[in-house]
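The structures considered in this document are given below.
There are two complexes below, and they share chain A, which is joined by chain B in the first and by chain C in the second.
Right, the complex of A and B next:
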C-alpha cells in the first residue's frame, strides 16, 4: 500500500473512532440514554426529560469536547512545527495559563458578562503569554532552545496560575463557577456559550488546515524555509495568530485542558510521519477523539461523580512529557 | 568575462555589529559556467554566498541578479532563480528523502499549493541526477553522510533554479563522494547551462573543475579569472600565507599546487 493510501486510511480510521465515541458519549452519564432516545431527540423532539437531557446536557458537552480537543491538539502541533520544539504545547508554553488568568480577571471585574466578551479576553491573555514566553525563552545565549522555552513557559504558568488562584480565593462568588473550569472540564457548558465561542475555534481550525503546507515548510527550520523563499515573518505571525485563536478559544470554552496539545501531535507523528500536512488533520481528529472518549469513559466508570476530563488528560500526559523530555535530552542537549 | 553576468556585486558591504565581514566587494559571476570561490577560513565565502542567495542583507552596495537589484526581488521569486546548498544542513528527524526533495518545490507552488505534474517531474529529475531513486523512501537519519548531502543537493535541484550556490559542498565527505558532487555540478553546467558558484577548500579541485576562480581574502576579492591565468605561487602566498610550487597538471594542463615542506622552503 502506498504511503498516501495508508495515511488516508489512518485519517478515516480516526474519523470512525471519533464518530463511535461521540455516539457513545451521548448515551453515558448519570442516566443512561439508549441511542434510539438520542436519535429521537434529534429528529422528533418531544420535550420529555430524556430528550431535554440529550439536548441541553449531552449535546453541548459533546460539542465542547470536540472543539476543545481539536483546538488544543492542533495548536500544539503548530507550536511544535514552528518552534522546531518537541516539548511545545499551549499548556507547557503558558498560553493556556495566560488565557485562563485573563478570563478569571474578566469574570471578577464584570460579573456575568457574555461568553463572546470572555473569549476576547482569552485571546488577549494567550497572545500576551506567548509574547512573554518567547521574549524570556529567547533571551541570552543560544536563542530560543526547546528547553529554555519550556522553562520560561513553566515559570510563567506557575506565576500566572498563582495569580489566578489568588483572585479566586478573594472572590468567592466566582470561585465555585471557575474551580472546576480551571482544571479543564467539558461539563455544564450551555449551548449559547458554545455557539458564542465555537466560530473562533472553527476559524482557527480551518486556517490551520488551509495553511498546513506553509506550516510544514516552517517545520523544516528557519534556515531551509528561508532558502526555499518562505517569508518567515509573515507565516510565523499567521501561525501564532491561529494558535491564539485555537488555544484562547478552547480555554474560554472548557478551561485549560493540559497535555492534549502535547501528546496528540506526537502520537499523530508516530502514525502518519513527519509531514505536517498530515499531522495537522490527524491531530484535529485525534484530539477530539481523545477528549470525547476520555470524558465518556470517566462518566461510564464513575457515573456519580463528575470528574473533569482535564484530570484524565494530566494522568495520561504527565508521564508522557517526562518520557519525552528524558529521551530527547539523552540524545542531544535541548 | 561575458558581458552579462548572472550575478554581480557592486560595492557590497556586510557587517555584523561593528565588524565588516565583506567590505566594498565587487564581483561578476559568469553565466552558465562553473565558478569556484576560494580563500582562507574567515575570508567571507559563506557570508558572500548567503548574500548572493538573498539570505543576508547588505549594509551598503547591492547585488544584481540578471542586472536587477536582488533586494527588490521577493523571496519566493529569488528562490525560483537562485538555489543554495548550506554546509551541514539538517532536517527534522524521521523525514524521508522524497519528502525533503518535494519541499524544494515550495517557491513554485501557489499559496495553498496543489501538487502538479511539473512538481512530480522536477522531483523525479532531482532524484535521478543525484542517484537517490532507490533511497527515496528512506528516512534521512538512516543515510550515510554522503547520501544525506546528496539528498539536500536533490532538494535544491528540485527548485529548478538557473543558478546554484554551493557552500563547501565537499567538506566532511570522503574522496569519491567529493568527486560525485563536483561531477554533478560540472554536468549541470555542461548539459543544462546552469550557473554554479561553489566555495571549495581544495585549490586543486577548484582549479580542476571550475572555469572561473574568485579569490577572496578578508572580505574582498583579491583577483578573479580562469585558473591557469591567475593561480601563481605569489597568489598562494599572498592569500593563504603558504609557499607552494605551481605546475601544470599532466592531465589537463590546469595549475596544480604543491605546497612546500619546511625543508624545501629553507632550501629555496
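Right, the complex of A and C next:
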C-alpha cells in the first residue's frame, strides 16, 4: 500500500466511487428521476417539473453534500496532523458548535440576512472556539493531550449548546429553522446560498491541498519539524486559518455534520498510509463520498422521512470514536 | 459542623426567596399565614400549588445530582467524572424523550422508569466498553464522551421528527427546567430517591475503600466488582430520577462534590450529605436566577447551571493541567 502507483489507484477509486454515488444521489428521492432526465436537465433544460426538481432540489443538495463532506474531512485531517492527536476533529473539539452558535445569534439578531453575512459569523465563531479550546486544552506539562483537548471541546460544546438553547427558547420562530439545521442537513439549500458560501470552502480546500507538504511536516511533531527547518508558528497559523475557513464555511452551509472530520481521516490513513500529503486528498474525496452516499442511502431507504445526514454520521461516527478511545488507550497513555 | 449549618441556612434562605419572589411577590408573613391555613386564596394557590412544589423539587433534584456526582467521582476515581459528561444523563434523557414525544400524554410514573432504563443501559455500556483488562478512568471518560454524542444524535433524531409543539415542550424540559413542578412529580422523585440514597449513605465506608483503587480495596477484603457495580446501579437510579423530574441540569453533579470535598474533607460519610446539600443550594439558586435574570421570561435552570458550570469545569481542567 505504499507505492506511488497504488496510492494513485486508491485516489482514482475514491473519485470513481464519488462520481457514482453523486449520480445515484441525483436520481433517488421522493420522486425517482432516471439518469437520462438528469442529463437532459443539464444540457437541455425545458422547465418541466422533473427538470425543475433536478435543478432546484437535487443539484443544490448534491453540491452542499460535496462541499461540506470534503471540508469537514479535510479540516479533521489537518487538525489530527497539527495536534498529533487521533481524537481531533472540528466536531469533537467544539469548533462546529462555536460556528453554530455564531450563526444562531446572527439569525435571531438580523432576520433574513444574506448567506454571505452568516458565513463570516461562522468564521468568527469557529476561530473563537478554536482559540478557547486550544488555550484550555494545551495548558500544563503534557501539552495538548487528546484527553484534555477532548474534554475542553466537550465542555465548550455544552456551554455553547446551552447558549444556543437559551436563544432558541426566546426565539421560537428560529427554532423551526434551526432544529433540523443544527444536526447537520444538506436538505433545502438554495443555489444562491451555496454559491455565496462555496468560494470560501473551495479556497480552504485549495489551501489545504497546496500546503499538504507543510502539513505533513508538521505531523512529524514539533522537534522534527523544527530540525527540518520549518517555521512552526507560521505554518501552524496557516493550518489553523484553513481549518477555520473549512469548518466555519461547512457549518454555515449544512450545519454541524459531526464525526465526518473524525473518521474519514482515519479511514484515509488506513488506506493510504501515514503520509499527510496523501491523507489530505484522500480525505477530501472520502468525506464528500461518505456524506453524499449516506444522504442518498437515507433517501432511498426512508423516502417519506427526510432524515438529516448529520444523524447518520453520528450513528456511524460515535461508535468509531469509542473504538478509537478503546484501542488507543490500551497500549500507551494518551 | 459549621459547614453544615452554613449550607442549611443558605438553603433555607434560598428556599424562602424562591417561594416569596416571582411575578406576584408574596411577603414572608403572608407565606407563614398560608402555611398555617389562614392566607388569602390567591396567595394560598400560588404558594401551595406553584412555588412550594417547585422549590421542593429544586431541593430534591439538586440533592440527587450532587449525590450522583459524588458517587461517580468516587467510583471512577476521577474528579472530572460526572454523570452528565459520561453520557448517563444523556441516555436517560433520550429514553424519556422517546416516551414524551412518541406516547401521547404519558403517565408521570412511566418517565422515571424509561429514564432509569436509559441511564442503566448507558452506565452498563460505558463499563463494558471501557473494560479492557481492567478499567481506566481515561477510557471511561472517553467512552462516556462517545456515548454522550450518540445519545445526543438520538435526541436530535427524535426532535427533528416529532410534532413541533411536543418538541418545543420537550426542548424546555431537556434544557433542565423546573417549571412543570407539581406535587405528583415531587412524590415520584422522592420515592425513587429514598432507597438508593439511604443505601449509599449506609455503605459510605465501602465507597471510601473503593476510592483507594482496586488492588488496595481487594487487600482490605472488599469484593471490588460487585461493590462498584452496586454503586454504579445506585448512581444510575439517582441520576435517572433527577433527569426524569427536571431534564438535563448539567454540571451540578460536578460542582457539588467539589464544594463538598472542599468543606468536609475526603471521607464519603461527609462528602455525600454535603454534596447533596450543595447540589440543592445550587439548583435552588440556578432556578431563582433563571426566573429573575430575564424576567418575565423564564430561563431553564439547566441553562444557568451550564453557563456557570462549563467555565468552572474549564478551571478544574486548567488546575489539573499537569495531571490529565
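Criterion: the second predicted complex is superposed on the first by the 331 of 334 C-alpha atoms of A that agree within 3 Å, B and C clash if a C-alpha of one lies under 4 Å from a C-alpha of the other, contacts with A are read in each partner's own complex, and residues count from 1 in each chain.
Convention: a contact is a pair of C-beta atoms (placed from the backbone, for glycine too) under 8 Å apart; a residue touches a chain by one contact, two chains touch by 3 or more.
Everything quoted here is computed from the prediction, not taken from an experiment.
> A:210 in the overlay: touching chain B, chain C, both, or neither? Say first, second, both or neither.
Touch status of A:210: first partner only.
> Could you say whether A:230 touches chain B, chain C, both of them, or neither, answering first, second, both or neither?
After superposing on A, A:230 lies in contact with chain B but is clear of chain C.
> Would you sort A:55 into first (chain B), second (chain C), both or neither based on which partner it touches?
neither
> Is A:315 contacted by the first partner chain B, the second partner chain C, both or neither?
second
> Does chain B (first) or chain C (second) touch A:105, or do both, or does neither?
neither
> Who does A:241 touch here: chain B (first), chain C (second), both, or neither?
Once the two structures are laid over each other on A, A:241 reaches no partner at all.
> Comparing chain C with chain B, which touches more residues belonging to chain A?
Per-residue touch count on chain A favours C.
> If I apply the document's touch criterion, which positions on chain A are contacted by chain B in one structure and by chain C in the other?
none
> Mind pulling up the chain C residues that touch chain A in the complex?
Residues of chain C touching chain A: 80, 84-85, 129-130, 132-133, 136, 138-139, 141-143, 145-150, 152-153, 156-157, 159-161, 164, 167-168, 171-172, 174-175, 250-251, 294, 297, 299-300, 302-303, 306-307, 310-311, 313-314, 317-318, 320-324.
> Note which residues of chain A are touching chain B in the complex, please.
For this pair, the touching residues of chain A are 3, 84, 210-211, 213, 216-217, 219-221, 223-224, 226-231, 269, 273-275.
> Mind listing the chain A positions that touch chain C in their complex?
Touching chain C: residues 87, 92, 136-137, 139-142, 145, 147-148, 150-152, 154-156, 158-159, 161-163, 165-166, 168-170, 172, 175-176, 179-180, 182-183, 258-259, 305, 307-308, 310-311, 314-315, 317-319, 321-322, 325-326, 329-330, 333-334 of chain A.
> For the complex, give me every residue of chain B touching chain A.
53, 55, 74-80, 83-84, 86, 89-96, 99, 103-104, 106-107, 109, 112-113, 137, 155-156, 159
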